[in-house]
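Sending over a structure as structure tokens; questions will come in a sec.
Read from first to last, the chains carry the letters A, B, C and D; within each, the first residue is number 1.
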Amino acid sequence: MAPAAEHLATVLVCCPDRRGLVAALAQLLYGHGVNILDADQHTDVPAGKFFQRIAVDLSEMHTDRLTLERALSEVAERFEMRHRIEYADRPKRMAILVSKYEHCLQDLLLRHRAGELACEIAMVISNHADLAPVAQFHGLPFHHCPIVDGDKLAQEQAVNALLDAAKVDLLVLARYMQILSSGMCERWQERVINIHHSFLPAFVGGRPYHQAHRRGVKVIGATAHYATPDLDEGPIIEQDVMRVSHRDSVGDLIAKGRDLERVVLARAVRAHLEDRVLVYDNKTVVFA
Amino acid sequence: MAPAAEHLATVLVCCPDRRGLVAALAQLLYGHGVNILDADQHTDVPAGKFFQRIAVDLSEMHTDRLTLERALSEVAERFEMRHRIEYADRPKRMAILVSKYEHCLQDLLLRHRAGELACEIAMVISNHADLAPVAQFHGLPFHHCPIVDGDKLAQEQAVNALLDAAKVDLLVLARYMQILSSGMCERWQERVINIHHSFLPAFVGGRPYHQAHRRGVKVIGATAHYATPDLDEGPIIEQDVMRVSHRDSVGDLIAKGRDLERVVLARAVRAHLEDRVLVYDNKTVVFA
Amino acid sequence: MAPAAEHLATVLVCCPDRRGLVAALAQLLYGHGVNILDADQHTDVPAGKFFQRIAVDLSEMHTDRLTLERALSEVAERFEMRHRIEYADRPKRMAILVSKYEHCLQDLLLRHRAGELACEIAMVISNHADLAPVAQFHGLPFHHCPIVDGDKLAQEQAVNALLDAAKVDLLVLARYMQILSSGMCERWQERVINIHHSFLPAFVGGRPYHQAHRRGVKVIGATAHYATPDLDEGPIIEQDVMRVSHRDSVGDLIAKGRDLERVVLARAVRAHLEDRVLVYDNKTVVFA
Amino acid sequence: MAPAAEHLATVLVCCPDRRGLVAALAQLLYGHGVNILDADQHTDVPAGKFFQRIAVDLSEMHTDRLTLERALSEVAERFEMRHRIEYADRPKRMAILVSKYEHCLQDLLLRHRAGELACEIAMVISNHADLAPVAQFHGLPFHHCPIVDGDKLAQEQAVNALLDAAKVDLLVLARYMQILSSGMCERWQERVINIHHSFLPAFVGGRPYHQAHRRGVKVIGATAHYATPDLDEGPIIEQDVMRVSHRDSVGDLIAKGRDLERVVLARAVRAHLEDRVLVYDNKTVVFA
């Protein structure tokens, strides 16, 4: 029988590659009565770095969470490890930032309703009022945060106030048509996911479908990445592509691209929510 | 620095799911000075079964292989585990069985030459003489084993004599146009890989491209599987597909299918050679 | 400049392959001042059949529609041609039949709102009341037609009355969990599109994801086809597939399958609405 | 019955979009007893350009080729048309230029042997001697044209002399590791196909797999294009991609890329040989 969701947790680890690591962690968990359900690891040999994701069942743990966390911290120190533990009974709180396009927002909300996204959706925020009915249909708070007199920092402050008040963990830019300030990117480092409508690093910047059409490519793509102050340069979480031909106008690319964008964004969000993503050297490890 | 190939080994494990398994194995390996490079595992929760593949580096092992194997056997007994250990310095020996089509044979030989397949190719065997020059070009023994007077069992005996003499570990049917006898399948259980030119279980039996054309499918496929006495019913290792349209004649399907067949077969052979495949309940676990 | 939508039309033709066909049609259209925007054709050589789709601009036609239609009928008789002409200013009227799953319904309604589907949506019909709010959100009539005391024919009569009253041209089964009667299939021949959640002809019948999981396939699929009295045997319009692995439970296959089902159904519906599909010998020609 | 290959021809047309074009061509062909087997057309509405490919059967032509060509030229003049006619009984002559990698060369030669490429292979040319045995195995002339003292123009002169003497129509760079001079590109305009090992325009220039690995992309690609003096900027004929993950080293990308490169190059070569490619505005129309 599958263990109950409230006893599940995930341990994530990143450290210099060293002997005995795997055994030390496995032994530690076993010693607390914590059962390993699934473990995936990766070694970047040239970089000398080790990464591990361990899914565990705490239902027969014979100590408590605090004790376990202390033990993990001790091992972490010994191995110069960055680590964290995430508990399934404390789901992440997600906010979705949109402008006027609804396809990515609708897709995330429908997936959430179907049980595909293990999170709470705290709110939808937009610089336009158009998508309020979509949020309302799904019973979610909608906040209209317009950019007044071009003052984007003021608007970001308003957004941050909302996010802080609702204890949001993850910010998803679901075709949000504004560029975040450096400050905003840094504040939400590795916690803000953007969908770019091209196969990065091809067609950085604006109007990528127009660029793709002009270049005559036979394949278009979409890229979900963590936002960083360097626009379109953040760590890539997920990408996918679709065939196009000379028959496709710019409008056709935009329509086809919608299907790509929503699927790629949803996969990236899901990987993040399930604690499958580790970032290093501006790249990601995404465990399957 | 990556460890030298001659010190690498792979431990494969399959057993009822039990607590402490992962820790016990990790501890055992650590205790012998064996470093874990990569570990992948899978639990089939409804079936209550656990699978693990551990890639290890033996270069600093402070016991020897025999001692390690004995220790593994002891743990295996305790956990009712089926297990095996494979050493990179004892590469598998592969034989390729063909008829007249060359595309899969050529593909495997070219990949081997490019270093993609970690094995020794012991020989090429065929019921026809046509492909002898291909084997010769690659400097490989070619054995012509025709079926005389319809006596397939006699031919299979001849084939087995060749395979035994050359200590072959893996038999690849690279579009071999004969059905193996039940006895042959059982003798080579989980060690003979066939490529079927359809997306199984669609279009079992003969002339699958003709069947696909008649049915008007929009996608064709190929399936690599372990051969079993139940024709086309063996455990599937790898599958892939390709789009087709009303424009494609049967001949076009056959030509497109060649690209599918060689890629799907090569991936399955590679997964087997790298000890990534575990079979249970007529299905496979294929670690990435 | 692109011609205005209200002057566009599509001519579809199917006949025995004969010399002079293409020239005769081109000449006829030219003679009426009808400009050919796009023409696609296909010859099934073994079957001796010719198919053509001609997209035309009527804005400078110097006769009228009735005269054009008469001229087409004369040529059609001469070449033993089945033909029809569809006018863009008379969009098809579509009804969507659902049960409790919302993903395909939502997908079609969102695409319609985004302008991807050139039709009017007349209504949503269901044997359950659950999805009424979805139709209402999109401002569409929702009809609850339950099956009472197992009397499916009575329910189909009620459905047909609704469809007739609203002059519906196309019926889409968007994961409708009832099997249509033979009579219903025949009444709506080549005008009812179903989505089957497997890569047909693999896994016909019920619970295809369970079947796929048991067989251990590495790829799952979905198939959109015209419904016929022979269940799951109708002409295939569109198919697509997705990779899965041993890690995927039946529940994972169902979730991944939702993405496939909605995309495959939408493509098939769109091809039908744009008059790109011709049926013969239980197969389809789908012009790009 | 399918018409015999020696009577097949292809008419290619590119001109400003004008009424009556399709009818004029259809009528002209019909008037000569030339039967249209397949016609595909495309209108780039914003650019105001019309493209058509007509596959015809000449077996019942009641004039001769010269008369047909004159009639075509007259119509062409009237419609400001660029056009050409290609006869199946005068197959193109292809030369393959390679360095040391064999995978693309082998792939083209094996496809040619399997009947997939409708051309004569005139020769293989290389700046290294390594692949001579591959050409010899296939019974093809191999010319070693080394670059002596860095004098690339002298080497290109030698290559051109070989190509001219053998009346070569198409030059394929099958992972040829030298950059062609501008003069060479211009001389072979729209007749030299290169395979670039990235999804252009991502990763132009050298070592694209290293660039892709550093950027951490989740998909790699390959691009076949006509070579132009602007490196990696020529009209794209075909592209395809493959998923990769954090597990893939640069070496893995190179190995996976080989599969992409050979398939993408082969599809582009085939499209060119079958006269399916038309170039305009540094883009291509590739008829299916």
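Throughout what follows, contacts are C-beta pairs under 8 Å (C-beta built on N, C-alpha and C of every residue); 3 or more make two chains touch, one makes a residue touch a chain.
The model shown is predicted, which means the values in this text are computed figures rather than measured ones.
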item	value
Intersection of contact partners for chain A and chain C	B, D
Chain located farthest away, centre of chain D as origin (C-alpha)	A
Interface residue overlap between copies chain C and chain D, same or different (over half shared)	same
Averaged-CA centre spacing for the pair chain C and chain B, given as whole angstrom	42
Whole-Å separation of chain centres (CA-atom averages), chain B against chain D	37
Shared interface positions of chain A, touching two or more other chains	42, 45, 245, 247, 288
Touch list for chain C against partner chain A, complex	102-103, 106, 110, 114, 116, 133, 137, 245, 247, 255, 258-259, 263, 288
Sites on chain A touched by chain D in the complex	42, 44-46, 199-203, 215-219, 221, 235-241, 245-247, 249, 281-286, 288
List of chain B residues in touch with chain A within their complex	1-2, 19-23, 26-27, 29-30, 35-43, 45, 60, 288
